[in-house]
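Below is one structure; the comments refer to it alone.
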Amino acid sequence: MRRERMEPFLKGGKGMLLAYDQGLEHGPSTDFDDRNIDPSFVMDVAAKGGFTGVVFQKGVAERFYSGKVPLIVKVNGKTSLPKGEPVSRQVCSVEHAVSMGAKGVGYTIYLGSGLEAEMLSEFGRVQEAAHERGLAAIAWVYPRGAAVQNDVSKEIVSYAARAGLELGADAVKVKYTGDSESFSWAVKAAAGVKVFMSGGPKAPTDEAFLEQVQGVMRAGGAGVAVGRNVWQNQDPQGMAAKLRAAIFGA
Amino acid sequence: MRRERMEPFLKGGKGMLLAYDQGLEHGPSTDFDDRNIDPSFVMDVAAKGGFTGVVFQKGVAERFYSGKVPLIVKVNGKTSLPKGEPVSRQVCSVEHAVSMGAKGVGYTIYLGSGLEAEMLSEFGRVQEAAHERGLAAIAWVYPRGAAVQNDVSKEIVSYAARAGLELGADAVKVKYTGDSESFSWAVKAAAGVKVFMSGGPKAPTDEAFLEQVQGVMRAGGAGVAVGRNVWQNQDPQGMAAKLRAAIFGA
Amino acid sequence: MRRERMEPFLKGGKGMLLAYDQGLEHGPSTDFDDRNIDPSFVMDVAAKGGFTGVVFQKGVAERFYSGKVPLIVKVNGKTSLPKGEPVSRQVCSVEHAVSMGAKGVGYTIYLGSGLEAEMLSEFGRVQEAAHERGLAAIAWVYPRGAAVQNDVSKEIVSYAARAGLELGADAVKVKYTGDSESFSWAVKAAAGVKVFMSGGPKAPTDEAFLEQVQGVMRAGGAGVAVGRNVWQNQDPQGMAAKLRAAIFGA
Amino acid sequence: MRRERMEPFLKGGKGMLLAYDQGLEHGPSTDFDDRNIDPSFVMDVAAKGGFTGVVFQKGVAERFYSGKVPLIVKVNGKTSLPKGEPVSRQVCSVEHAVSMGAKGVGYTIYLGSGLEAEMLSEFGRVQEAAHERGLAAIAWVYPRGAAVQNDVSKEIVSYAARAGLELGADAVKVKYTGDSESFSWAVKAAAGVKVFMSGGPKAPTDEAFLEQVQGVMRAGGAGVAVGRNVWQNQDPQGMAAKLRAAIFGA
Amino acid sequence: MRRERMEPFLKGGKGMLLAYDQGLEHGPSTDFDDRNIDPSFVMDVAAKGGFTGVVFQKGVAERFYSGKVPLIVKVNGKTSLPKGEPVSRQVCSVEHAVSMGAKGVGYTIYLGSGLEAEMLSEFGRVQEAAHERGLAAIAWVYPRGAAVQNDVSKEIVSYAARAGLELGADAVKVKYTGDSESFSWAVKAAAGVKVFMSGGPKAPTDEAFLEQVQGVMRAGGAGVAVGRNVWQNQDPQGMAAKLRAAIFGA
């Protein structure tokens, strides 16, 4: 059952997800250029690049999802504009995600936010609705707020991974700790929940990013949910090939 | 499907909407005179002026909608009186809008407000309810609040347009950036979602306003949602004719 | 349809409503004496005085409504004790109001309050529930809060009246502006929604109050929703007779 | 109908209720000793003492209600620990109260609290749910908060009583004003709603307390809802007998 | 009925529960090592150690519950990261807990928190949902916040226990007061509700912890809900044996 829910997004237990919700989370002028501002370009990168899943907000999924890669609909979201305690609320029902062909839903939780309780509780309902319909519930867990000094420390990243397990996520997306050994503690904390590294901003070189991915895989991670490091890349297919090698070997 | 939802409001893919919710948003003494305070005058302007849609709050629609122009019911609203973080909450159900003959619903989102999450979440529900009934969901997206220095910058307007896409709007109403080139970035960001310029306050001359409209059309915008520049105009039908020319050509 | 909803409360398009929710809104020691603290006294005044409607909170309606005058149940309420932004929340369902024989429901909106959004949204639901059951939805609209310097200015009173129209009220109760000409602007802003003057505290003389009523009627208002100026009056029936003359003529 | 709802708790129109929710409201160490900490002791006092009703929170009712005295379940509650504006929220559904054999429900409203609106609104729903099932809805009305200087003044106590009437309570529990004459104003304000005096902390002598009860009865009150003055009493049955004499005469 | 709900977790009226929700409440780096970070290790300890119940969050239950020990699902939770008034909100529905084979649900209430009302109210709904399905509702009651100086005083711990009774819990988990005599007051306050001591952080020696357990049992407590003192122990089975002796005797 559990395994079946993540199956659509895995190859040999590993996964390579293409994330593209930055238009809402960061705004088009921060992350996009003339090419990657077009969702069909990114849909195409996902399909040709051998990604095992693609992550869209509902509006992008409704218009651009081609069906060629399994779909994860991000069901909550926020912009980068508001100040104050971070909170991201549900903008898409699980039923609606199903109607668009999604095999999984993504939900961001800002651990440590003064509004953490709202997100934990809402994720609880999303997780149950997703599981009733056979969809994977994937938690983006980002500790943030006044209480969080270093959001890539071993302690904090493993806390994020563990929260994903405890709350019933099928997979969790967390930041990289910087080295494989400390990341393996987060993988252990997740206790079988698939751990994906959040790609983050474009790394200075492909190699720098691939090193992180290799560290994740050595640590027992499931793979990576990457966005900017692929679709901001001059050669997205080249980068996709390098990622496939790093994640699936061969 | 998607195209069909906006079809009632378009002619050759372009649209010219007459907005008239200023009585609630700004108050009658700010925007109205003896003529345009009367909704039947405005309904008449819409019908005779060749507008492809008219935007009313529920109460005005219930009493004055004549059926001669496709109807968009604004389903949230606020007055200009409260201080503090801007928030506009739902005042009309989608079911009720349908019962009045609406083919679309409008919803304002103040991106960047401390209460942004409430509006994103509520729009999510409105959008799904509208689509279930075949209505267009149109987002008025206005970045506002302490975090927003310049609400007509290319960055901010394109963020608004993109948010509309990501959240599943069929069309988005945003402010003009001031020039066609920067506005074309917002149109690109919307990635196929119809982009309407918000008319805003009466421009000093008709020509000044028409220049903006031409800029929008050159940028690939769908048209304009205009209010004061038409019904505050000495010659609303003259202005409507000029707008038709600017938007639909011919 | 619309007209039918207010019909029970009108005679020749005019109305004279007796309001008696001050026990909750202000407290008995502020407004009542040994006579008018008794709701049956007030019910009697309404019946004998030729009022076209009587306004009670649910508890008073349940115990004292005699059926001799059409009933409006006030479905939200607050006391005068709390400090902070004014807010009045629903205390009676529309279904319950119907079960008591009500032909209309009243709801107070404090425009300009920091909690305005809650009331606008709740009134939206009340209005739809009322209309589904054929009841009139009457909005008491009182601008209040830090943003409102003068709550009887032409601008503010007309804003209140217009808000009633836009939100779908069948009638609106607002304060008097002080003169007939400025009040006529509020009547125009309401665009056909029946405008009732809120009686307010007991005027120094009957004549002073009647002058206000005459001003309202000259301005095209529908009548008055009066409380203290009648049931605090030494001679309530005498005052009722004078009001009938001022409102219905003859 | 109305009369029938309070009938179970009255004898000749008068009532003597034993209240025992202090374990939650004040804590066991504040109010209890080795004897009265045991709910079966208090249930026994109620039965043998001729009380016409007993007031328990749901958990005590589930375990200790013997069926020998009509039951009122207190459906909201709070502890004395939190600082800030007082608020007491629903902890027991009316359906659940019915399932335990309750003939009435009690609900505390802190008039004047910054969270007054939440309680007024929730009581509105409780009252309707109770009446649908034939149960009495009894309001504990305690003005409290920064705005309330003297919570036993004639003005404030009568405001509490009146609020009970307006909100549709079948009976109201309020504090004593200190003398019969001023309390009779509160009884008048309640206009037929049964007014019970809240017993409050143990009085220095039985006589001091009985004098209050006599004052209440002379003022036309319905009786008393007493707790500590009975079950903290050395001789609860003796005190019960004195109360019966004071309330029912003979 | 009542007894039946706790029966699965008791042996001769006593219980020994293994708690393992610290991964969410404290984070893996605070409480776990390479061994006990693995839920299957803890599940195994529970089964082999003769525990009468095991406490998991939903995600751990879904993946690691073996069915060998009766299950309590913790249905609310929070992390230790947010500052401000403590609040823990529901993350798992009672229906979902049932679907995982739970015979009981656990819910934490922070008495004294500025958000106490939210938790009391939510526990009220959880308790009724649990009882409808025959599950035990177990309250973790932890007084906390500015108003609570000493959370292990006799007054505070007995308040916690009593709150559990009043709110309808079948069992309550509270901190130890430090001595058996004062703890017996808490047991009395609970009036038959099973009182479990919360194990708390690892005690310096096994004997120190066992002394507390013996104090609880002498005071009439039902047993202990222990976590770190067992699964952080070098010899969990040895410690389990000592606990069985202390709780069940022999």
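Each chain carries a letter (A, B, C, D and E) given by its place in the written order, and its residues are counted from 1.
Methods note: a contact is a pair of C-beta atoms (placed from the backbone, for glycine too) under 8 Å apart; a residue touches a chain by one contact, two chains touch by 3 or more.
As the structure is a prediction and not an experimental result, all values here were calculated from the model.
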Neighbouring chains shared between subunit B and subunit E, ordered by label: A
Size of the rotation, in steps of 5 degrees, that lays the CA trace of subunit A over subunit D: 145
Chain centre separation in whole Å, for subunit C relative to subunit B (CA means): 34
Centre-to-centre distance between subunit D and subunit B (centres being mean Cα positions), rounded to whole Å: 55
For subunit D, residues contacting two or more additional chains: none
Chains in cyclic order, anchored at subunit C, direction fixed by subunit D: C, D, E, A, B
Complex contacts: residues of subunit B adjacent to subunit C: 21, 23-24, 27-30, 32, 34, 37-39, 57-60, 62-64, 77-79, 81-84, 87-93, 96
Parts of subunit B lying in touch with subunit A, wherever the complex brings them together: 2, 111-114, 116-118, 120-121, 123-125, 127-128, 143, 145-148, 154-155, 158-159, 161-169, 185, 188-189, 191-193
